[in-house]
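The chains carry the letters A, B, C and D, assigned in the order they are written, with residues numbered from 1 in each.
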Amino acid sequence: MQLGMIGLGRMGANMARRLRRGGHAVVGFDPTPPARAALEDETVATVDSLQALVGALQPPRALWMMVPAGAPVDDTIAALRPLLAPGDVLVDGGNSWYRDSQRRHTALAEAGIAYLDVGTSGGVWGLAEGYSLMVGGDAEPAARLAPVFATLAPAADRGWAHVGPSGAGHFAKMVHNGIEYGMMQAYAEGFAILERRSDLVPDIAGLAELWRHGSVVRSWLLDLTAEALRDNPGLEGIAAWVPDSGEGRWTVAEAIELDVPAPVITQALLERLRSRQDNAYADRLLAAMRAAFGGHGIKRT
Amino acid sequence: MQLGMIGLGRMGANMARRLRRGGHAVVGFDPTPPARAALEDETVATVDSLQALVGALQPPRALWMMVPAGAPVDDTIAALRPLLAPGDVLVDGGNSWYRDSQRRHTALAEAGIAYLDVGTSGGVWGLAEGYSLMVGGDAEPAARLAPVFATLAPAADRGWAHVGPSGAGHFAKMVHNGIEYGMMQAYAEGFAILERRSDLVPDIAGLAELWRHGSVVRSWLLDLTAEALRDNPGLEGIAAWVPDSGEGRWTVAEAIELDVPAPVITQALLERLRSRQDNAYADRLLAAMRAAFGGHGIKRT
Amino acid sequence: MQLGMIGLGRMGANMARRLRRGGHAVVGFDPTPPARAALEDETVATVDSLQALVGALQPPRALWMMVPAGAPVDDTIAALRPLLAPGDVLVDGGNSWYRDSQRRHTALAEAGIAYLDVGTSGGVWGLAEGYSLMVGGDAEPAARLAPVFATLAPAADRGWAHVGPSGAGHFAKMVHNGIEYGMMQAYAEGFAILERRSDLVPDIAGLAELWRHGSVVRSWLLDLTAEALRDNPGLEGIAAWVPDSGEGRWTVAEAIELDVPAPVITQALLERLRSRQDNAYADRLLAAMRAAFGGHGIKRT
Amino acid sequence: MQLGMIGLGRMGANMARRLRRGGHAVVGFDPTPPARAALEDETVATVDSLQALVGALQPPRALWMMVPAGAPVDDTIAALRPLLAPGDVLVDGGNSWYRDSQRRHTALAEAGIAYLDVGTSGGVWGLAEGYSLMVGGDAEPAARLAPVFATLAPAADRGWAHVGPSGAGHFAKMVHNGIEYGMMQAYAEGFAILERRSDLVPDIAGLAELWRHGSVVRSWLLDLTAEALRDNPGLEGIAAWVPDSGEGRWTVAEAIELDVPAPVITQALLERLRSRQDNAYADRLLAAMRAAFGGHGIKRT
């Protein structure tokens, strides 16, 4: 079917390619000329304005946003809304907060425009392997876009589903990312323990590769980890500095709001904050306290 | 090659079967008649004493223990030692503490008996899918048993390796289980958050199945979790009571001894302890303290 | 000086009493007749409406709210606003979220009404021992109310201060409560460990009393804990069920927003959530996963 | 009464002084001449060998060790044992592991020598304020040394007690230090949150001072913290590097062995390990994993 893709960055461009290869008619928009140019040899048509994009699509239109969460989504919706007509469907495939998606759904419903929140997992590997798609929103537009989901997913009959009403897709994706934080931290801690005993287990990369086959901890993240360790087992040149995007924080906040203790997901987030601290005030105060009550020496900077 | 399997429980019996199907000549020993009987239709010969087992093997012998960690391993070694001869190799494929394995290796080396500590992962699925094997010990006996490892592993060239000197195999397995604790807890927390919002995402089992395809959190544990949720999405009849075996504790203790913070693996262990608490004294004291300073009401039993 | 006290519950009534005993002219308001009656023998005048309260005070008026955080504060402000005049000062001495206080400060400033957010600590002991007061807001009204703060505090020259602009008082109180959560949990865990070894240290209450004198962990919370344990060392009849009010949650959320890892305060909050869980889904799922991969038995309900 | 003090470091010298001022006849021993010299103007007699020390005391003798935990205690006992006689009592006032104390108690009991494990809290302030003493061991020698405990404690009737049989004193002290870790971390986190909002609450030292009076979090540790912050509110020149001695680790290990979850004490310990990490492998691996699955940029060193 015909679809407009808004945002041709790492994720949006790959999704446009996968859809095109799957036989869909994709028109892409991105404000940046190089982003558009990168897609043209893929027979994905591109346009240089939202107005042109909407004009290129047959009503009822299907548009898919892959833009950063927050203001960019609201800005895009504000620009699109006067251009769209009742019956059109707009998809947010990014990592928006699920309550923002619910708010946008409600606002667009007043104009007769359908709004789907589609949690999208798979990263840079999605082009080749397909994306995991968690679709939230009304049943009718979700059903209408089934051919698109079926192409983006690893297979037509798996890796995508309509998981619930508006917000459900981004809620599911939020929790997915919380789990991802916890899994990543579990692996990172385990390999850090091993690295400290390289006298005993010298080949960490080899062990990661071994575990990929038959072990209880085998996973796609381990596949990638084994590859990363094979290329750079000492992790040379990489700073011990770990960003976090919003979804880990939202998961932690949501869990607390729901009275569900999630200590491991929470600790995984806190460790990322910790990785970005330098000369931590808390640790300096602990050192000062030890000196104050016990006369213990302080390490000076 | 010829191998004696000591301990024909869930793990040992399946390993004997997989070896037999792979063309090896396995003689099994278990003190329990039903455990022996269960293997006989598989053309695995069984004997009813360690003496008979040793007598049935050609020197230099290869013996593999699959017995519970701790005293049973020491007892088995004590019984075997006078029966074995220099050049024999004894394998501990169970979940022993790696320092116990190092101690045993040293003690048996005095008698010229080789000792391998083989961390074995794969659980009840190992018979069909193969086991992940982390081999610790001296190079010569490890090389000698390569045909056995190649058969037990998912494939001859992957899923097993000689990972280091004595203790390395069980050290690697210990860390593997620590990671496993963290991953399991991450999934459990995520699904618990989802379960609390079943109004929004009603089909948790369907979501687990969806994530198996294309998502960042796909893994073998997720495959099994999706299956468990499909059969019993409400987890009816299951007590919220989670045992822990030694390896999680050892990982936590080892990490602290090595000065490596492992907060997620540690929290995953503590949550298991917590699951087995009833009427926790700490929580009752918190309630009493709140009443004492703030006049807050106490919930009475 | 003259002051109107709004809300004559546990905290407000005691503060009115302490002010009255300190020579201030207090007029109290509470919608509940028994709450008013309880104060009358203390020579604290009471009225039965906000209108009467405002009428009883000389401009520029000073009013102090001790009402539950959230809607009750907004409702009280909405009712007061048309009654107040420029130059009046309104204090929120409750546990409001500091950003709500900042919002209210801004809104009232438009009407020329000063607004102070006063974090108040001390609980039911404040009447006798004085309250710790963290004053946020503009300098002029803060200075005007200095006599009130000096009386409520343990002494005129200590235990209270103007800590910063609007929001600062409630921000400081929020963090205070976060620390309180962490301290309480530290004690609770320690005594729970001791309780498990009552064969070795049989008299926990005696140990708590001992620690009050000369130990590094001596504190006011320990004073109260020792008293609670002396009265009920087995904590009989107390449910292991610990509520949490908003301030712990806000501290955790704020810390994350500020990129400051606060693992202990966070864990202390999560333990309270955990105390209120029964038949935890996460733990049931862990048990199901162990059965799925390892064939481990499940405890049935 | 007469007492021999072994080890005249920070703790031992101050305890000798406090005992001397309390009217006891103290003979001090330390292998280091300056340590001995420092005590002489205090009318504490000193000797330069254990043999001289034992010779200077009337049987049945009372000796008190204040030496570092571990080998120094065993070495001192080995040197003393042939010099002592049945009926003598030896005290370990240091931070030994309680199971070591139990082992030593048993060994010395064979020679008729009593052994007390006395957990001692109070740090450098003990000279002036008295020490909190948790006495473990047999009842008779504990009663015999009561005059010594009564002088060392803040007052004759409080701050010390015979808390249980051999090991109980050091067990109680171990848990005391675990609680101390948790409390310190709670304060450190709270002040770190405040420090990040110094725009809102500019005077952290003033707030710490304020909280000392009337607040729920007032404590002796807060008294010292307020003083440390007053002298150096920016904690300038202090490295964010926090040592840990054995007692925190033992508390964590013991709690796990007892199946008592102690998440806050545990996290407090892990944060100390974390403070001493540089270029953490775990964090570098997390960064590498993010790049691998999501194409996220890596910060380079």
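Convention: a residue touches a chain if its C-beta (ideal position, glycine included) is under 8 Å from a C-beta of that chain, and two chains touch if they have at least 3 such contacts.
From a predicted model like this one, the values you see are computed outputs, not experimental measurements.
**Q** Taking each chain's centre as the mean of its C-alpha atoms, give the chain farthest from subunit D.
**A** Centroid comparison gives A as the farthest chain from subunit D.
**Q** Upon optimal superposition of subunit A on subunit B over Cα atoms, what rotation angle is obtained, reported to the nearest 5 degrees?
**A** The superposition gives an angle of 180 degrees.
**Q** Since subunit C and subunit D are copies that touch, is their contact same (over half of the numbers shared) or different (under half)?
**A** same
**Q** Distance from the CA centroid of subunit C to that of subunit D, rounded to the nearest Å?
**A** For subunit C versus subunit D, the centre distance works out to 33 Å.
**Q** In whole angstrom, what separates the CA-based centres of subunit B and subunit C?
**A** Result: the chain centres lie 48 Å from each other.
**Q** Give me the residue numbers in subunit B that touch at least two other chains, ranges are fine.
**A** 123, 185, 187, 189, 192, 196, 216, 220-221, 259-263, 267, 270-271, 274, 282, 293-294
**Q** Which label fits the chain touch graph of this model best, line, ring, star, complete or other?
**A** Topology of touching chains reads as complete, every chain touching all others.
**Q** What part of subunit A is in contact with subunit C in the complex they form?
**A** 216, 249, 252-253, 256-257, 259-263, 266-267, 269-271, 273-274, 276-277, 282, 293-294
**Q** With touch defined as at the start, can you tell me which subunit C residues reach subunit B in the complex?
**A** Of all residues in subunit C, those touching subunit B are 10, 123-125, 184-185, 187-189, 191-192, 195-196, 220-221, 224-225, 227-229, 232, 235, 237-243, 263, 271-272, 274-275, 279-296, 298-301.
**Q** Residue numbers of subunit A touching subunit B in their complex, please.
**A** Of all residues in subunit A, those touching subunit B are 121-123, 126, 129-134, 153-155, 158-161, 163-165, 167-168, 171-172, 175-183, 185-187, 189-190, 192-194, 196-197, 200-203, 206-207, 209-222, 251, 254-255, 258-265, 267-268, 270-271.
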